[in-house]
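Report on the structure given below.
Each chain carries a letter (A, B, C, D, E, F, G, H, I and J) given by its place in the written order, and its residues are counted from 1.
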Amino acid sequence: MLFLVRMDVHLPTDMPPEQANEIKDREKTYSQPLQRDGRWRHIWRIVGEYSNFSLFDVSSNDELHGLLTGLPLFPYMDIAVTPLAHHPSDIT
Amino acid sequence: MLFLVRMDVHLPTDMPPEQANEIKDREKTYSQPLQRDGRWRHIWRIVGEYSNFSLFDVSSNDELHGLLTGLPLFPYMDIAVTPLAHHPSDIT
Amino acid sequence: MLFLVRMDVHLPTDMPPEQANEIKDREKTYSQPLQRDGRWRHIWRIVGEYSNFSLFDVSSNDELHGLLTGLPLFPYMDIAVTPLAHHPSDIT
Amino acid sequence: MLFLVRMDVHLPTDMPPEQANEIKDREKTYSQPLQRDGRWRHIWRIVGEYSNFSLFDVSSNDELHGLLTGLPLFPYMDIAVTPLAHHPSDIT
Amino acid sequence: MLFLVRMDVHLPTDMPPEQANEIKDREKTYSQPLQRDGRWRHIWRIVGEYSNFSLFDVSSNDELHGLLTGLPLFPYMDIAVTPLAHHPSDIT
Amino acid sequence: MLFLVRMDVHLPTDMPPEQANEIKDREKTYSQPLQRDGRWRHIWRIVGEYSNFSLFDVSSNDELHGLLTGLPLFPYMDIAVTPLAHHPSDIT
Amino acid sequence: MLFLVRMDVHLPTDMPPEQANEIKDREKTYSQPLQRDGRWRHIWRIVGEYSNFSLFDVSSNDELHGLLTGLPLFPYMDIAVTPLAHHPSDIT
Amino acid sequence: MLFLVRMDVHLPTDMPPEQANEIKDREKTYSQPLQRDGRWRHIWRIVGEYSNFSLFDVSSNDELHGLLTGLPLFPYMDIAVTPLAHHPSDIT
Amino acid sequence: MLFLVRMDVHLPTDMPPEQANEIKDREKTYSQPLQRDGRWRHIWRIVGEYSNFSLFDVSSNDELHGLLTGLPLFPYMDIAVTPLAHHPSDIT
Amino acid sequence: MLFLVRMDVHLPTDMPPEQANEIKDREKTYSQPLQRDGRWRHIWRIVGEYSNFSLFDVSSNDELHGLLTGLPLFPYMDIAVTPLAHHPSDIT
C-alpha cells in the first residue's frame, strides 16, 4: 500500500554542527534497511529546499506511523502524508 | 532528470458523459507510450480525489512542458511541478 | 484501518430539485450497506455546512478510493482523506 | 452533543525529555477517566504527525472548553473544534 | 449555549431581481420569530460585504444546524460556526 | 459604533506562571470598567482556544485603537478588527 | 474617521461590452460627488489588476456601508475594509 | 525600472477554439514591439501551467499599468506585479 | 510615483523597553523629514495592530527600497509593497 | 535550462552584526563566479523585503540544488524554485 510523504526539516540555526551531523548520520543509518527491504521505495530531494518527497510501501497506517515517528529527525520535521491508490491509466 | 507532478482534474459537471469518456480515453492512450519509454515513470491516484501524483523523467524543462500541455485533459487540470534532485540518503 | 474523511458537497444552485433529490436518495441508499458492514463506521453532519466528517474502516487505500468514487455525489464533492493510526492514550 | 477536535502538539525541541515525558504521562492519566465515562469517545493519531483527531460527547460548550483547557499539554497545542450534528444518512 | 456564526451570501449575479428579493423577504420573515424568542440574539452586517456575523443561543448543535439549514438563503451562503464559552473576565 | 474583535493570546510557554498570572490579573482589572460603561459590550471565550471574540461599542476608530493597545496582554496578542453596521433584518 | 478599502472587480467575461460600459459610467458618476465632498478622499488603481485601493473619510460604519453597497459595481466586487487610526509618527 | 510580472491565463473551457486562437494571435502581435523596444525584456513559460513570468522595464507605474491592461488576454488573466530594485550582489 | 506600503512590526516580547523605545524614537526621527519633503505622504495606524499603511511618492523602485531598508525598525518588520497607478475615476 | 528562484532571508534579529556581515560577504563572494560564468544570470532585490528573485541557467536539477545549498545564507533562507520553459511569444 503506497503513501507519498513530504518531509520538511527545520533544524534550529543555532544547533551545534556536530549535533546536527550526528542526527543526520542516524537518519541515514535508519533509512537504509527500510530502503533495502522495499518499504521506503523512493526518496527524492526537493530542489532548493531541506525537504524530501518519499514513497512508502507498507501494510498499514500503523506501520507507516511507526516508521515515521522513529526517524531521528522526526522532532524537527513537518510531515504530510498522502495515501495513494492504483491509477487506471497505469500500465505497470 | 526527475520531476514530481500533481494533476487535479476539474471536468465541468454538465459535460456529457460520452464527451468526458472520449477525453479520458485519449488521455489514457496518450500516456501509454510515455510510460513505456520511461519518461512517465509513475502515476498514482490520490485517494478520494480526481487527482494524481506522477513522476516524470525528462531531459529538460521544455520537454516536460511539451508533454504536459499535450495531455488531452490539460485544459481541465491544475498542474503543479516540483523539480527533484538526488537525495544523499538514497541507496539506489 | 481507519481513515477520517471530510466531504464538502457543492450542488449547482440551478440543479432542478427533483434531480438533486434523486442523487441524494441514491447517496443514502449507497451508504447504508457500507454502514451496516462496518466499513463506513460513522457519519456526522458539520453544523451549518453541507458537509460531513466520516470514519471509514477499510483494508486498503484502493478499497477506500473505490468506495469514495462510487458515491453518487462524488462529482459534486471536495474530499479530503486523513489516514489514522492507533493513539497510545487510547484505552479501548 | 458531539464535537470533532483536532489537536496539534508543538513541544519545544529543547525541552528536557524527562519534562516532556512527565507532561505526556499526566496527559494520559488525565484522558483515561474521560474516555471511560464516554465524554472522550475516540482518540486517533494522525499518521506522521504529533497530532490527533478526537471525538467528544459533552452536554455544553462550556463543559468542552473546561475539558480541553485542563489538558496538561494545552499550553503546547493548537486546537480546532468542529461542532457536529446528526446526519440524515446515519442509520445508527 | 452560544455560537458565533458568520454568513457570506453569494447570489448569482444573473439571478432576476424579483427572485432575489423574494428570497431576501423570506429570509427576513424567517429570522424574525427566531430573534424574538431569543435564539438569534444578534445579527450585524459586516461593513462593505454581503455578509453578517450572528450570535445564536440554542440548546444543542442539532438545533443550530436545523435553524441554519432552514434559512431561505442557505443554498447561496458559506457559513462558519464558532462555539463560544463563558469568558472568565466577563462580568455579566 | 460596533466592532467585532478577535483576540488570540500567545504567551511564551517559558513565561513564569506568576508573571503570566500578574498580566492576566491586570487584563481582568483593565476590562471591568470598560464592560461596565458599555464600551466592551461582550466577551466570549472561543471553545478550545486561548482566544476571545469581543464586541466593542465606541465612538471612533481612534478610541477603539486606544482601548486595544492599552490591554496588558496586547504585546502577546494577534488582534483582528471587523467593523459592523446595522443589518436590515435586525428587529431590535 | 478613515478607512482603507480594497475593491476587486470581477465582471463576467461574457457580459456585453455596452452593459459593462454602462455600469462603469454609473460607477464614475456615483463616485464624483463623494470625491468632491471629501468622503472618498483617494482612489488609486492597483498596477496590473482591475482593483483599487481607496481612502474613505466618514462619520460612522453605517455611513461607509451605505456608500459601498450603493456602488453600481457592488454586486461584482470583493471588498475588504480596514479601519485606520492616527499614527503617532504622523506629523500632519 | 524593473518589475517582475506573473500572468495566469484562465480561458473559459467552452470558448470556441477559433476565438481563443484569435485572442492569442493578437496577444502575440501586441507583445512583439514591446519586446523589441526593450520594455518587455523577458517572457518565460511556467512549466506545466498556462502562465508566464515576465520582466518589464518601464519608466513608471502608470506606463506598466497601461501596457498590462492593453493585453488582449487581460480580461482572462490574474496578474501579480512585484517591483524590483538593484541587488547589492549584482555584478552587472 | 505612488506605492502603498503595509508594515507589520514584530518586536521580540523580551526586548528591554528602553531598547524598544530607543528604536521607536529613531524611527520617528527618521520618518519626519520624509514626511515633510512629501515622499512619505501618509501614515495610518491599523486599528488594533502594531502595523501601518503608508503612502510613498518616490521617483523609482530603488529610491523606495532605500527608504524602507533605512527604517530603524526594518529588521523587525514584514513589509508588503503595492505599486499604484492613476485611477480613471479620480477627479483630482 | 532556466529556473526562477525566490529567496527570502530570515537572519535572527539577535545575530551579532559582525557575524551577519561575515555571512553576507561570503554570500557575495560565492555569487560572483556564478554570475560571471552565466549560471546565475540575474539577481534582483524585491522592493521593501530582504528577498530576491534570481534567474539560474543550469544543465540539471541536481546542479541547481548544489548551487543553492552551497549558499552561505542557505540555512537562513526560504527558497522556492519555479522551472521555466520557452514561451511561444518570445521573439529572442
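Couple of notes before you dig in:
As a convention for this text, a contact is a pair of C-beta atoms (placed from the backbone, for glycine too) under 8 Å apart; a residue touches a chain by one contact, two chains touch by 3 or more.
None of these values were measured; they are calculated from a predicted model.
Among the remaining chains, those touching subunit B and also subunit I are H, J. Here the repeat of A-B among H-I, A-J or E-F is E-F, since over half of its contact pairs match by residue number. If you compare E-F with I-J, the chain pair joined by more contacting C-beta pairs is E-F.
The centroid of the Cα atoms in subunit D and the matching centroid in subunit E are 29 Å apart. In this assembly, the C-alpha centroid of subunit H lies 23 Å from the C-alpha centroid of subunit J. If you average the CA atoms of subunit A and of subunit H, the two centres end up 39 Å from each other.
Residue positions 2-3, 45, 47, 61, 64-65, 81, 83-86 of subunit C each touch two or more of the other chains. Interchain contacts (touch definition given at top) occur between A-B, A-C, A-D, A-J, B-C, B-H, B-J, C-D, C-E, D-E, D-F, E-F, E-G, F-G, F-I, G-H, G-I, H-I, H-J, I-J. Within the complex, the subunit D residues that touch subunit E are 1-3, 60-62, 64-65, 81, 83-86. Against subunit J, in their complex, subunit I makes its touches with residues 3, 5, 12, 61, 64-65, 68-69, 75-76, 79-81. Those residues of subunit D whose C-beta lies close enough to touch subunit C in the complex are 2, 4, 27-28, 31-32, 35-36, 42-47, 52-53, 82-92.
Interface residues of subunit E, counted against subunit G in their complex, comprise 11, 13-14, 45, 47-50.
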